[in-house]
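See the structures that follow.
Two complexes come next, and they have one chain in common, chain A, joined by chain B in the first and chain C in the second.
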Partner chain A sequence: MKEEKKSGLDAVDEGPVSSDVSRAEHSGGQADAGEHASVAALTEHFGSAVVRHRVYAGDQHVLWIAPEKSHEILSWLKSDPDHQYDMMSDVTAVDYGNGRPINVVYQMFSTVHRRELRIRCELPLDALEIDSVVDLWKVANWLEREVFDLFGVTFKGHPDLRRILMPDDYAEGHPLRKDFPLRGRFSRAEQTRRALNQDVERFYRPEDLSAGHTPQQVADVEVGTLASDDAEGDA
Partner chain B sequence: MAQRTIDLEVGRGREMGVDGNPALSPIAPFDIAEPDMSTEHMLINIGPQHPATHGVLRLVCELDGETVKSVVPDIGFLHSSFEKLGEYRSWNQIVTLTDRMDYLAPLIYNCAYVMSVEKLMGIEVTERCKVVRVILMEMDRIFGHLLWLGTTAIDVGAFTPFLYSFQQRERIYTLHEELTGARITTSATRVGGMMADLPEGWTESLSEFLDTFPDTLAEVHHLLTGNQIHIGRTQGIGAINREDAINYGFTGPNLRAAGVDYDLRKDRPYYDYETYDFEVPVGQHGDCYDRYLCRMEEMQQSVGILRQALDRLPDGPINVDDPNISLPSKTDAMSDMESMIHHFKVITEGIPAPEGDCYLGIEGSKGELGMYLVAEEGDTKPVRWRVRPPSFVNLSVIPKLAEGHLVSDLIMINASLDIVLGEIDR
Partner chain C sequence: MGLKDILPGGGTSATTGGILGMGSPTFLTSRVDFIVNWGRRNSLWPMPFGTACCAIEMMASAASNFDLARFGMERMSFSPRQADVLICAGRVPYKLAPVLRRVWDQMPQPKWCISMGACASSGGVFDVYSMVQGIDTIVPVDVYIPGCPPRPEGLIYGLMMIQEKIRQESLTRHFEHRAEEPGLVAQPRASDIEVAELSGAFGNSTQQDQLSDGKTVRVASTSEDL
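After this line comes the complex of A and B, so read on.
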């Protein structure tokens, strides 16, 4: 954790933005719920499940909701005739680092009412679980798999939750988390060793591409081969 | 689309065509019940290194004879974690990452990214810059569609359109090179403007391209649109209906081919697209053939938009007049103290962003290209930079489209989705 956020070239050297926990979170963008029909309706309908409402970038309405109610609220938004968000544009996540909760972000659009809305759910790091919305929007299938792969968020009820961009047997964690070093957790030597020790024939078996299989295990990392001990890594 | 409707009926009907030739497709399916020859299912691996997968995509198919029972796409072979790299770079440095995602239409990605940053920061670009970006985006829409046209035609055995379209692409490559110095990795945009204004004589070169390009397009139309082999390979293949297309997340030409009139240039207009006169082609059947027709018509419409944009291209500065955002000219930076300070500050400190997040979707050549940025007060780098990849979402539909078709149709369906693996894997 850094004391003060640097700017310019220092910041480029240091790595990703570290957010200052002492700063007031989500302080800007105060907004009036009456401006957006869905926001007003949601506040009325679900009351305390709507955590906060902000307007960012001029005209974009962002709504934080309680994660345990997320499926109920999203399915209401999809089916209610006054809203009908039939198009799920994007499902992604944001990690601010420094132990702050990971935000799962749903970007929605209604082709009927021509309206946009962004929903965010805050998940504390010790409970990275949220209901899957694949039953509502099929498009969420791969998008949720990507969030699971890169952030480690588990989507309950997802039909095929496995890694999608990283290899199935990737053992270094979830790359888009702020605590993941840019070059990976293992040294180059260890990464090479693991690659060479893989059983490549396994990649041509059908069961490896179905849900719920156990990825192949390569023997654990050897002592002294973590990235920090790797001279080449700093070059 | 009146002409399109006639073509469709010619291909589908069993009667004489408009020109008196038999219109029956030579490889139209027979209505004879096949003998039950089902045996053990076979597992076939296509790719990741195979030209028909249009990139490093691996498709694992379970086959019953030649019929695809299930198909599992396996992606990630080109994963470069651009989004993670973006968290380590200042706003302007990310531009170079964006054109490496969709190297088939790089300028659209350059423009989409800086548009999103400008939206987040509340920067209003100059009128000239808006029109120039429209020109670049429409030019690269043609650029992207041409590659799709050539490679898809070659997948169904038509070699000539490949040569024709790549000749035209070469001309756009030259325009890229004159404008940015690079042919693929253009990196032409900057927050608040462009890397440089259009060079002298560039608009004339573009006009020259626009004058002759529709002729080539007409020739390809002539070669493919009524071609019985092409029709037999594409009509009724990989069809999807309206509701499913929306629910599965199709965007762009793939969605419009299924009959949904949804184009971000019309529905959520940016850069005064509402003032340009153009049509959005919409298909009826949602099959490979309609996707082909939609893209062909889109190229034609883009030519019209480009002509209008060239007509209205205003004079004036291309970068915003704000020393905290735009760099001064090199001459000024070297001779004028004030300009040198601004140059130094923009380069070393970067451009501070306000707190918030911003999602901006634009109509890319492959579908809705969304750029989602998250920043905190004063950040000179994004907390999170997310690209909503149109090809990634479009590819995820392939199991639904291909199951029940033949292996050869799987290749056609994959081609008709217009995917680029650089952006799928990011």
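After this line comes the complex of A and C, so read on.
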């Protein structure tokens, strides 16, 4: 057992813990696949495409899956009647730094079966590409744009993949990557100059701001029409 | 202190009546500066540019408890064309910087600017890649209000300082001070060196130029340097 900390301030004296400490394995409890119906079914269904299974915080089941199979697995999870993860709560990513792969995280919820599941895909830094899931969940549109903007992950098949938070012509890279300096790569003077040279009309068009404007249709996707037939065929 | 107290003989004598009483003269003498500044400073219309929590305090200042209307800010002007004071309340990211600059450029002369709160004045705790380090790099600022966020009293005091500034202005000097180069529209207000000085001093954490692997970052001044 580790030495007890007398108070929270003890940790402050020790200074920051570097993220360079290489971990042999992800923390989190080893879990029995039988605890979560979807995990058991996925392992049975896709076999080796399910890389790892851990449980965090008591009942948060996390599955690492092979990125090249991600669309197939997620589509199956959404359409299979025993699972029906019809709500994509979040699509985000984590960069652990030091050349380790970037994890794309899908946090899903099934309103039918009241189950939660977190899916993770590890993408090596030299192959930051994964299939878009906008055709499955419309909400993934902006979430994937955010991951693309801040981490530089390319989502294949995304209908409108461009920056969403940073300016369109942002040239300094992807800010949430660990190899991105906190203050950006340009000097403040250059950043100010570039900011004021932005083409504002491109972001805020008068027709977008006028009353009675109907939002622009970015993705022409029918929600509900899924590759469910294919999935059943595989089974 | 009202007009009656300042003007010579104003309202002091029952027979002459001053300017407001019975039998008052149909003219009065004063300096043009005084009468113009009196009008200007008591009818300031703020242009609210609220981006963050400071805007909540700004709204409170306009509501009944604090009531900015007492000072002549009768109406928040949501069009820059009818505004006199730009109140920038909150942090300004670089993406919003051209919008702030354009709002300022669209305001007619004479105009003043208040930088409300730590973030607008210096970037505050947001010494990061996305945030303007003080709006004075983009627009000229007359009054900085400290606080995170400032209380409504702080904003009101700032506006009263603007009023005091207007009171001391002269029409002739005013145009000299306020002259704007047409070519400088939509350009940074501060020079590169000034921006570096303004933003460099406010670093709020160490090792801002270090990556997670300990390497130090070289800051590029142009995109070609990268």
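What we mean here is this: the second predicted complex is superposed on the first by the 173 of 235 C-alpha atoms of A that agree within 3 Å, B and C clash if a C-alpha of one lies under 4 Å from a C-alpha of the other, contacts with A are read in each partner's own complex, and residues count from 1 in each chain.
What we mean here is this: a residue touches a chain if its C-beta (ideal position, glycine included) is under 8 Å from a C-beta of that chain, and two chains touch if they have at least 3 such contacts.
Predicted, not measured: the structure shown is a model, and the values here were computed from it.
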item	value
Partner chain(s) touched by A:V200 [first = chain B, second = chain C, both, neither]	second
Which superposed partner A:L182 touches (first chain B, second chain C, both, neither)	both
First, second, both or neither for A:T192, with chain B first and chain C second	second
Broader residue contact with chain A after superposition on the shared chain, chain B or chain C	B
Partner chain(s) touched by A:E172 [first = chain B, second = chain C, both, neither]	second
Touched partner set for A:R118, first chain B, second chain C, both or neither	first
Set intersection of chain A contacts, chain C complex versus chain B complex	19, 165-167, 175, 180, 182, 204
Chain A-facing residues of chain B, complex	43, 45, 60, 62, 72, 74-76, 79, 81, 83-85, 87-90, 93, 119-120, 122, 244, 246-249, 260, 262, 267-268, 347-350, 352, 354-359, 361, 368, 370, 372, 374, 376-384, 386, 388, 392-393, 396, 400, 425-426
Chain A - residues contacting chain B, complex	5, 7-9, 11-12, 15-17, 19, 23, 26-29, 54, 56-58, 60, 62, 86-90, 92, 94-96, 105, 107, 109, 111, 114, 116, 118, 137-139, 141-143, 146, 163-167, 175-176, 180, 182, 204, 206, 209
Touching residues on chain A, where the partner in the complex is chain C	19-20, 97-98, 165-167, 171-172, 175, 178-198, 200, 203-204
Of chain C, residues touching chain A in the complex	94-95, 97-99, 101-102, 127-130, 132-133, 137-138, 186-188, 190-193, 195-196, 198-200, 205, 208-214, 217, 219-223, 226
